[in-house]
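Before anything else, here is the set of structures, which you'll find just below.
Below, chain A partners chain B and then partners chain C, in two separate complexes.
So, the complex of A and B:
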């Protein structure tokens, strides 16, 4: 790790203003992505602005057909939230599948979404649940937010404050873990909304999280595993590494999508 | 027997300190004035070093010194050594290239040591290392085991075609003759995947030099501190043996990787004197991946000949063994004498011939890793036996039974003489525990759910209790493999045992104390086990090859016998009887045929006060030492049965059942033995399903972190069904065979045999990852497409 200045603001406003003044700065949330890269000297920000003391970034709230989660909420808090479990059980289950207990008790939803790791789970939930990413400056639709691996619509110094998910009538997440890292090798989040189904895939795409329009169309007509028969995603845009090549990933997208629909249907 | 004696499942004494965070590992030692070392490592797999400019680094904040290979050479510090000489078929000695602790002119793998920075803090040392300018002439690298001798790249000048040795063992002519008259020949091609050991505690070293006494101290993560001292003094020459104290305190796992004498500890001792400060280095996980000696990495073609009765009549094996870029301390012995002598397995095979080509590549050195050679041999034998049975249409269990050795002692064609065993007993018990008779039913039930179920056997044998000194000496070992012990009885009757064995997870503080408890009739609370310090223990050979029970404890037993003999003399004086009338029983010295007796502790006190000794015929004190050299290897053996269910849609293999029936001879502590079996199986399952170290063509380690290198987790394993059979080992006084490596040896072929059984074809390599199994399952579904 290289030396850095450490800041601990207590409000979003203070954090934003620090971010405006500090050179070469990074926000610190759970630190589960940022700190390992700093330890390996792959990142060396001069200023670290810790968001951990900002009360505004916490909390889970349901209103109408949305559930809104503060950016600093930890995965374990989302997984165990009665509110989330009741409104979108699939989201709580997804959070429970992230990493291990250490990771779930440090990593945050805001950090995960800002980071947009191509194998992270939350981006798939955001797309499938038609989420809105709320920042200190604006509201961004999930469909516009994720812009390729480790790339988002966030501007320099912009802070995610909350994420707001649409409550679906049915939803489920099926995750095929990378055997080593336990991130998603392929994760498929399916959700049935009043205006149609959404299918979002993480882990597989060479350009990060993506939706599968063909599957969405089929499921909008008939939200059942059979509806997906014969629908395959192309290998061309799949990621390839020692754990899974493009063909295997493309195949798994189909398998996981069917399993997710089945699980969602079984939940009723 | 006492409540804490041999055979009692006593809780581990050492766990109190480990689970409460009171263990003291090398990194916990901070010496006054200590400085920190950081090693600049090669980013290239193969490069000539045109120049190294350390100048910019030496003026960085906190930097005390920067050293390169030139500095070591100037001080006449020798290179690291390989302690086992292997001769090729033509009689020529193996080709050992230079192995400097810091590179001299060339780097040969990613992670090779280029320079060391000593600084006030680790961060400062790292900062300075970034300022060192190395001008590399990057050369092409050779990585692939099978292609090593054909590559145009030359790793060491001494070996133009990268061959270290072309070694062989067995009776070639008889083997050829057996194949000529065979009814059936089964052939197999196997890769034994390269593994990274990954003990929880990474390697670490603190070197210290005392200018007043001219004494050196090295705290190091070692499985064999005395061997480290011997090598560092006699061969590398950093300090004279009598001036060097090596301390290996609590060590968090080794699995072989901490047997070897590495560059870092060498440099820490040497640099401590240079900079007049204690010097500490602790490996981080990334360094561990790159620079701990890896394990396995064999490419093998093997053939098994059977006659018209389904009896195995011959085995021939050709193996290429990747030894990496340098010969690590015991690397040459692993794919030779720790491998080929096990190729007879549990079977009566009259003719065996094995050729092994050891090769250099631009990869991390490869050396012993849990099982060391024996897992590789077992994988060859058990995959081949299984495949042969399938090709002959025979039940794999019964095919094995038919070929088992049943008469002992049994001399194999590959050196070993098995002393005892009852292989059929283990098989019967395993079949029963595994509920083998209902397997077909379970398979059908799986099929109804669209799943593929398979069952796989592994009837393994290993050679442990390493090893008779004369035998290993004749095979090229540079050392003898006896063990030492000293039993010190205190005036209060408590006992300290100094042992040359080293515990780094095995639980010696408990099991060794159980032996003392058993023999002397005192509680284990009255016993302390002292190990891991060359100033306390006079000499020892350390712990590896499941030798601490069979060899280390036998030495203790021998010393205890001497203590009892001396105690009888003391008792004779004190009880005023003749020595011949003194009996020692249940912890008391008594006069035969009388009720006069004294407890062990009372006699101990008498030995020290010596008030009742008349004249000079009896020395005061009660302390005895012994060296024990085994008369044979020991041969633990058993049968493991693995049952898997494969999801053909995803390729996920789930282990549904695991049966392990092992014959470890006499068992000191069944709970600890079960733990060893569990851990061993976990490592074997890791090798079979999850783990694999992969280098890309340029020699970069792709699996250089836990993000990509998959270790087994609890969720990957079933609840193990462990059973035991016992045939006491006749070649040591305790009847112990050893249990430390069995699981890792037995497991890989059991898993792969189960997977191939489920798939219905043999085409799967380790690690059988979901992707690999999915692809193989596709092939199973579409047999035509596979053609």
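So, the complex of A and C:
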């Protein structure tokens, strides 16, 4: 790991002002992506701004038809939150499927979303649950936020403060885990909202997380696994690597989507 | 250098560290607590698991400065004087180790599982919860048995959990 200067602000304002002054800086959340990357010297920021002591980045709150989660909430905290389990059980279950218990005790929702790993789970939840990413500067719809592998709408020095999810009437996440890394080989999050269904896929796309309009249309008419019969995603835009080729991933998208709809319907 | 103050196994520690010092390096090299191991250094194996404010974390993927003002418990901090912690005793009794490299992490993870899931653990739960801990020797079977027995023994010896 290259040397860096370490900063520990206690408010978002202080963190933003440090970010404005510090050259070549990165925010540090749970560190479970950033620190391994720094160890490999794939990242070598001169300044590291630790968001870990900022109380305003924590908390989970339900209001009306949304549930809002602070950026520094850990995966384990979301997985075990009574509010989340009650409002969107599928979201708590998704958080419980991230990595292993130790990863869930450190990794955060804000870090996962800012990172936008093509195999990460939260980006799929954000798209399917029509989330709004709230930063210290603005509110960004999830549909506009994720812009391709490891790429987001965030500007340099912009801090995610909260993520606000729309509470669906039914939802589920089906994940086919890479057995070694535990990231999603393919993960499909489906949700039924008052204004239609949403289907979001992670792990599969060569350009990162994406929605499947054909499936959404079919499920908006009839939210049942049979509605997906005959709908296939094209393998042209699927990721292909040593773990699975494009055809296999395309097939898995269909399988996982059906399983997710089945699980969502079974929950009632 | 950055100053870091924390409590490790019940003792307060303050030191000036290079901010890139990992928590595991700090424990092993500054404090000479070499029971916590580094297996992979890539966040995969769990040999480095310690408790940070009562929760199991990989200390190879945590900076020492991130543990400022926190309470850390390592494998050295769980026995009571000369008496092994019930989970340690169960690993010995059930032959839950061969080379022992993964064992400190396994035991710290196992105690964390009991803290979260209670004392009656079935095999499936134990195997799923040990997902972040790799063992190259045992084939896991005796580890699973040891965790189940240790979990039950912890119910009978609640005093020993006070070390947290």
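To be clear about the criterion, the second predicted complex is superposed on the first by the 268 of 268 C-alpha atoms of A that agree within 3 Å, B and C clash if a C-alpha of one lies under 4 Å from a C-alpha of the other, contacts with A are read in each partner's own complex, and residues count from 1 in each chain.
FYI, a contact is a pair of C-beta atoms (placed from the backbone, for glycine too) under 8 Å apart; a residue touches a chain by one contact, two chains touch by 3 or more.
Since the model is a prediction, treat every value here as computed from it, not as a measurement.
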{"item": "Contacts of A:1 with chain B and chain C, given as first, second, both or neither", "value": "both"}
{"item": "First, second, both or neither for A:267, with chain B first and chain C second", "value": "neither"}
{"item": "First, second, both or neither for A:13, with chain B first and chain C second", "value": "neither"}
{"item": "Chain B versus chain C as contact partner of A:76, first or second or both or neither", "value": "second"}
{"item": "Chain B versus chain C as contact partner of A:242, first or second or both or neither", "value": "first"}
{"item": "Contacts of A:41 with chain B and chain C, given as first, second, both or neither", "value": "first"}
{"item": "Partner chain in contact with A:251 - chain B first, chain C second, else both or neither", "value": "first"}
{"item": "Which of chain B and chain C A:139 touches, first, second, both or neither", "value": "neither"}
{"item": "Of chain C and chain B, partner touching more chain A residues", "value": "C"}
{"item": "First, second, both or neither for A:31, with chain B first and chain C second", "value": "second"}
{"item": "Where chain A meets both chain C and chain B, residue numbers", "value": "1-3"}
{"item": "Chain A contact footprint on chain B (complex, rising order)", "value": "123, 126-127, 286, 649-651, 690, 694, 702-703, 706-711, 769-771, 774-775"}
{"item": "Of all residues in chain C, those that touch chain A in their complex", "value": "2, 18-20, 22, 41-43, 46, 49, 52, 55-58, 61-63, 65-66, 68, 109, 112-113, 116, 129, 131-133"}
{"item": "Touching residues (chain side chain A, partner chain C) in the complex", "value": "1-6, 8, 28, 31-32, 35-36, 38-39, 48, 50, 52, 76, 99-103, 105-106, 182"}
{"item": "Residues of chain A touching chain B in the complex", "value": "1-3, 40-41, 176, 179-181, 242-245, 248, 251-252, 255"}
